[in-house]
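Each of the two complexes below includes chain A, the first together with chain B, the second together with chain C.
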Partner chain A sequence: MNVPVLELLVGGILLGGLYALMAGGLNLIFGVMRVINFAHGEFLAIGALVTVSLVAGAQMPYWAALLIVPAGAALAGLVLQKVVIRRLVDAPLIMSLLATYAVSTVLVNVAILIWGGGYRGLPGILAGSVRVAGVDVSQSRLVAFAVAVGTSLGVWIFLRATRTGRAIRSVAQAPELAIISGISVERVRNITFALGSAMAGLAGVLMAPTFASDAQLGSRFLIKAFAVIIVGGMGSYPGAIAAAMLLGILEVFGGYAFGQVIGSAMLYLVMLAVLLIRPRGLFGAQVRV
Partner chain B sequence: MVTPTRRSATAGLIGLAATGWTARARAAEPLRMGFAVSQSGNLADSGELFKRGVDLWKDSINARGGLLGRPVEIVVYDDRSDPATAARLYERLITGDKVELLLSPWGSASCATASAVAEKHKRVFLNAGGASESIHLRGFKYVFQSAPAIGAYVSGVAPMATRHGFKTIAVVSRDYPAARDMSKALEKIAAENGLKIDSVEYFPAGTTDYSSNIARVRQANSDIWIGIGYPNEAIEMVRQFRAVNYLPKMFIHNGPAQDDFAAATGKDGEYVIAISLYEPVLKTEGNAEFVAAHKAKYKSEPGYYAAFSYQGATVLERAVTKTGSFDQDKIRETLTTFETDGVMGHHKVDPKTYVQIGLKGLLDQIRGGKREIVWPDDLKTADAVLPMPGWDKR
Partner chain C sequence: MKTLALLLALVALLAVLPFVGSDYALSFTIQILMFTSLAYSWNIIGGYAGYTHFGQVAFFGLGAYVGALLVGAGWHWLAAAAAASLAAIALALVLGSAMLRLKGSFFAIGMYGLARVGENFALGFDGITQGGTGLYLTPTDLTPIYAVLAAIALALIAFTHRLDNARFGLQLLAIREDETAAEALGVRTTRLKITAFMISAAAPGAVGALYASYLAFIDPATAFAPMTELTTIAMVLLGGLGTVLGPLVGAVVLSVVNELLWSRFPELYLGLVGIIILGAVLFMPRGIVNAFAKRRWRWVSAPRAGLRRLADAARPVPAASPARTPAE
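Right after this comes the complex of A and B.
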């Protein structure tokens, strides 16, 4: 039987796009603040649920959610940073890890209180496919992929080419030196956390049309997003995109050849191998923020 | 001076009063009933619905004066969708909280581990949340199934396939005990009815992408795609079918039996066949009251997750009432041959394995955003439209 290589390849690359979308904000926050934000998945899930409420409930156009939800997520992220993260950012990593885990649990339960325990969806939004080179390509995933690449590129350029971006990078690399140079570390961290949270919100908006949205949506992707960051190199944007594609392709081809149980396990095997052999990640050394 | 006679009379009076007081206190002492249910982790959503059934039953029994005259209190823990945690929690319910009755957790995997703990302590365990038959094939004496066994889920597949001329089946299921049992049941059904199983694939819990499964089944051109798991998986499968312009002739899954499915998928979810085990329209015993109570408390009609636990609690209640005591061995004895009718239908267990054999499955089709019963014929509310009409014909 012929292997439908092109179909699997497209499926894998687009799946990688979703992982990249999820990993983007997580990567930014870790890269700059050295905080592993366990609540990132809940920002995504709540972003998706709010999108459903706005579009299916309040009958707003989908593009409006693309603006409102990331803005709301940025604001929520800023509050989280000011109330919780700010106090823990210089403490050992485990402190912020536990704190964000607690926030994540609170957010899941708040989401269940508001939206209930069931699943929601956005029928009819970006639902169909476009035919490219004999392969039916999912519209929603194509858009998610383009946005993932676009935002990653945008953030990367922002970090390199703007004054604020350079300030963020200097805080990431040497916080003490940044303070001496007159950079407000507090302000940089606020911007970073808000931006990272906005990216989670944006991921939520883009995932709402494809997935069953519920309070747990983010947690189904979080571990894979961590895998992407570890394989790509923590804090590296081009690395994360490349790793996301690699893992997406691996998962789809692995699933086709050996079944999904082994296909998914391959992703974690790669993560483990990278941690053992090259802990900085495949692209960590060359293209760090 | 108080004479000895008067003293003993006074003591006797005090004693009598105390005994009466204790007896009254004992009668009113709440009956503690314990279970674990997934309130976090990947089964949290359906676990919440399962818990609703228990809460509604508790309201109902307490309104009826309690169980053997004692008001019922529920002790509930979160098993985090983790079977090992479920086992630990049942140990705690039995030895720490000393609950007098147990209900099962939600899902076959947790039921399998929790029931082993109950059996070890010789405590009656009514399996209301696990369809897997393997839970009951370990020679346990205290474990009874009130949930429909997996055979009931797939009993309508062969009649539907035969009626519509479908020959080949692809199984794509979440990897858990019930799915493995379903594959076995399907193999038997296929062999008996001249159907062919093209492929059997499992995916781990938490899977969100079905690209590789779609590629494989599309290539084999199987007529029927059947899966068992949870509603989010069915929703995401249908969304991805549509997104890559693929459609089997018949897509069957148990997830669409929950209301969320039709609302979340809209037109894309039309004509999907739902493996259902319960519908609010059924004219089963106590169902009208159950549906009304669910609507009043949760503003929606119950799906089968809530019905599972409500049925289980009802069976346990009636077995205890018939036994007339909370003695575990006596309740066990009652349950071995106990039959009753609940919201899901007739409860009866196999006398050797205690696997549920009374409850029958239903197949629904999503039509106009609602579930219509299309099998069995004596209960049907509509004729099935199959093969499913193409994406451009809706």
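Right after this comes the complex of A and C.
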């Protein structure tokens, strides 16, 4: 059997870029709030569906969606944080989990009401392909990868180099010390939730031209994002980026060898293995947010 | 005594229903009983032991498929349900020894992942499960299924009543409050947790198989529906986590509300259920039973209520999200 290693490798890395963007946002929220946002996937799904409506329906240019959708997602995330999550951050874990799970259900069903249950595509946007490392790659996937990785790295630099970024990291690492140092935890939480949600919305915009989107897209991607942050180490931002690439490649190779369904199930099995053998994640040891 | 009297009244009510009620009443009661069983099972591991279990639907789905496949192979539905229950217990034993080492968010994500893996496998191994098309069974008479479900639900209520007054139940509560301290006091936490996990998996396995017989159909989306998970946990929370009567109250109230919504607004139904659950989490986190107990409605006899209050009082109010170790 002649395995197209290079094609699969490139495909995996391109997929990994999207996972990095989505899981990065989820991980950021978990690191600061200690809340698992089950509704994170719906931000991605609705982001993709809104993009289809804006570009195919309202005839807006694609780059406009790249700006509008993340901004809308940030606003929606802020509302979710202020109305729901803020009241539950200090409650037992089950409360915030159940609440975000319920929000996720509400959003899925609102999306079904608006866009119906079927798949929506965005053909003809960024069509054509480019040759990279001897492999033909479609333009839309290349742009998605570049924007996703660029944004992920940009957020990382933001976390390390700016005053607000350092405040976010300090709240994630030592909330009491952050309060003593005069950091407004409330404000940091708002910023983090908005930023994380915007990243999920952006991932949705980037996916829309390549993958067919539907209202149920969120949960399929959420479990992959969970796998990424478990393997990378919960709360570790660079760990999530590295793990995203690793799992993207693994999924593509697994899908090639065993078929699509088992290929994506493999991600969960890897996640379960990491959970049991090394719960802090492959990169969760020294690396911090 | 009060609980016992209530149980007897329930038995009497359930026994006469098939003879006086309509087909619709029977069908609706089957759903209430199903969710009652799921809620009580969840309450053992989620309410008493305090583990954030987000994968009960994995046992339900496994049971549904084992049951449907065995019935398809010519088994009687009751034998198939018993086998499905055993399969779920076996899965809980194997998984429990590994998964229960995880806590909090990690356990929640691990179990949620398990349910999604189950759905993927049901779709992927379409040679056995017919994939997304689903398995069709010959419809059977609903009355015996109803009787078996009623027996399961009553057994779980009685078990929880015993549990609340037994050493085993107290040990689970100790694990919930502080697992390390419980271990230091000689509670065999690992063994107890795995036992509780197996007990809590038994009924979902059987109920899954009975549900497949009831619908005469099963597909991955029905067997592993996230809505089943959400509704079950919300019922326990709405009634009262770790209480004897809470899951029953929650299951009946939410089932009736769901049914009303479903008949009036079929399109908006699932979204509205989500909003109601969100409201329950935000505005009634202590549950209906606890709200009554606080106002000294004496019909909720809770011998351990004093102990629970002590535990609640002793629990430090966390300052703005304290730092936690990654292993938590």
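Simple rule for what comes next: the second predicted complex is superposed on the first by the 281 of 289 C-alpha atoms of A that agree within 3 Å, B and C clash if a C-alpha of one lies under 4 Å from a C-alpha of the other, contacts with A are read in each partner's own complex, and residues count from 1 in each chain.
Definition applied: contacts are C-beta pairs under 8 Å (C-beta built on N, C-alpha and C of every residue); 3 or more make two chains touch, one makes a residue touch a chain.
Given the structure is predicted, the values throughout are model-derived calculations rather than measurements.
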| item | value |
| --- | --- |
| When chain B and chain C are modelled together on chain A, clash or fit | clash |
| First, second, both or neither for A:129, with chain B first and chain C second | first |
| Which of chain B and chain C A:94 touches, first, second, both or neither | second |
| Partner chain in contact with A:261 - chain B first, chain C second, else both or neither | both |
| Partner chain(s) touched by A:202 [first = chain B, second = chain C, both, neither] | neither |
| Touching partner for A:235 - first (chain B), second (chain C), both, neither | second |
| Contacts of A:155 with chain B and chain C, given as first, second, both or neither | neither |
| Contacts of A:271 with chain B and chain C, given as first, second, both or neither | second |
| Which of chain B and chain C A:103 touches, first, second, both or neither | second |
| Which of chain B and chain C A:227 touches, first, second, both or neither | second |
| Where chain B runs into chain C (options 23-31, 113-121 or 383-391) | 113-121 |
| Residues of chain A contacting chain B in one complex and chain C in the other | 105, 108, 219, 223, 259, 261, 264 |
| Residue ranges of chain A touching chain B (in the complex, touch as defined) | 1-2, 4, 7-8, 11-12, 15, 18, 105, 108, 112, 116-121, 123-124, 127-129, 131, 136-141, 209-216, 219-221, 223, 251-256, 259-261, 263-264 |
| Chain C to chain A touching residues, read off their complex | 46, 52, 54, 98-99, 101-102, 104-106, 108-110, 112-114, 116-117, 120-121, 123-124, 226-227, 229-230, 233-234, 237, 241, 267-268, 270-271, 273-275, 277-278, 281-282, 285, 317-324, 326-327 |
| Chain C-facing residues of chain A, complex | 30, 33-34, 36, 84, 87-91, 93-95, 97-99, 101-106, 108-110, 113, 173-176, 179, 185, 219, 223, 226-227, 230, 233-235, 259, 261-262, 264-265, 268-269, 271-272, 275-276, 279-281, 284 |
| Sites on chain B touched by chain A in the complex | 40-42, 44-49, 175, 201-204, 206-209, 211-216, 218-219, 231-233, 235-236, 239-240, 242-246, 258-261, 263-269, 391 |
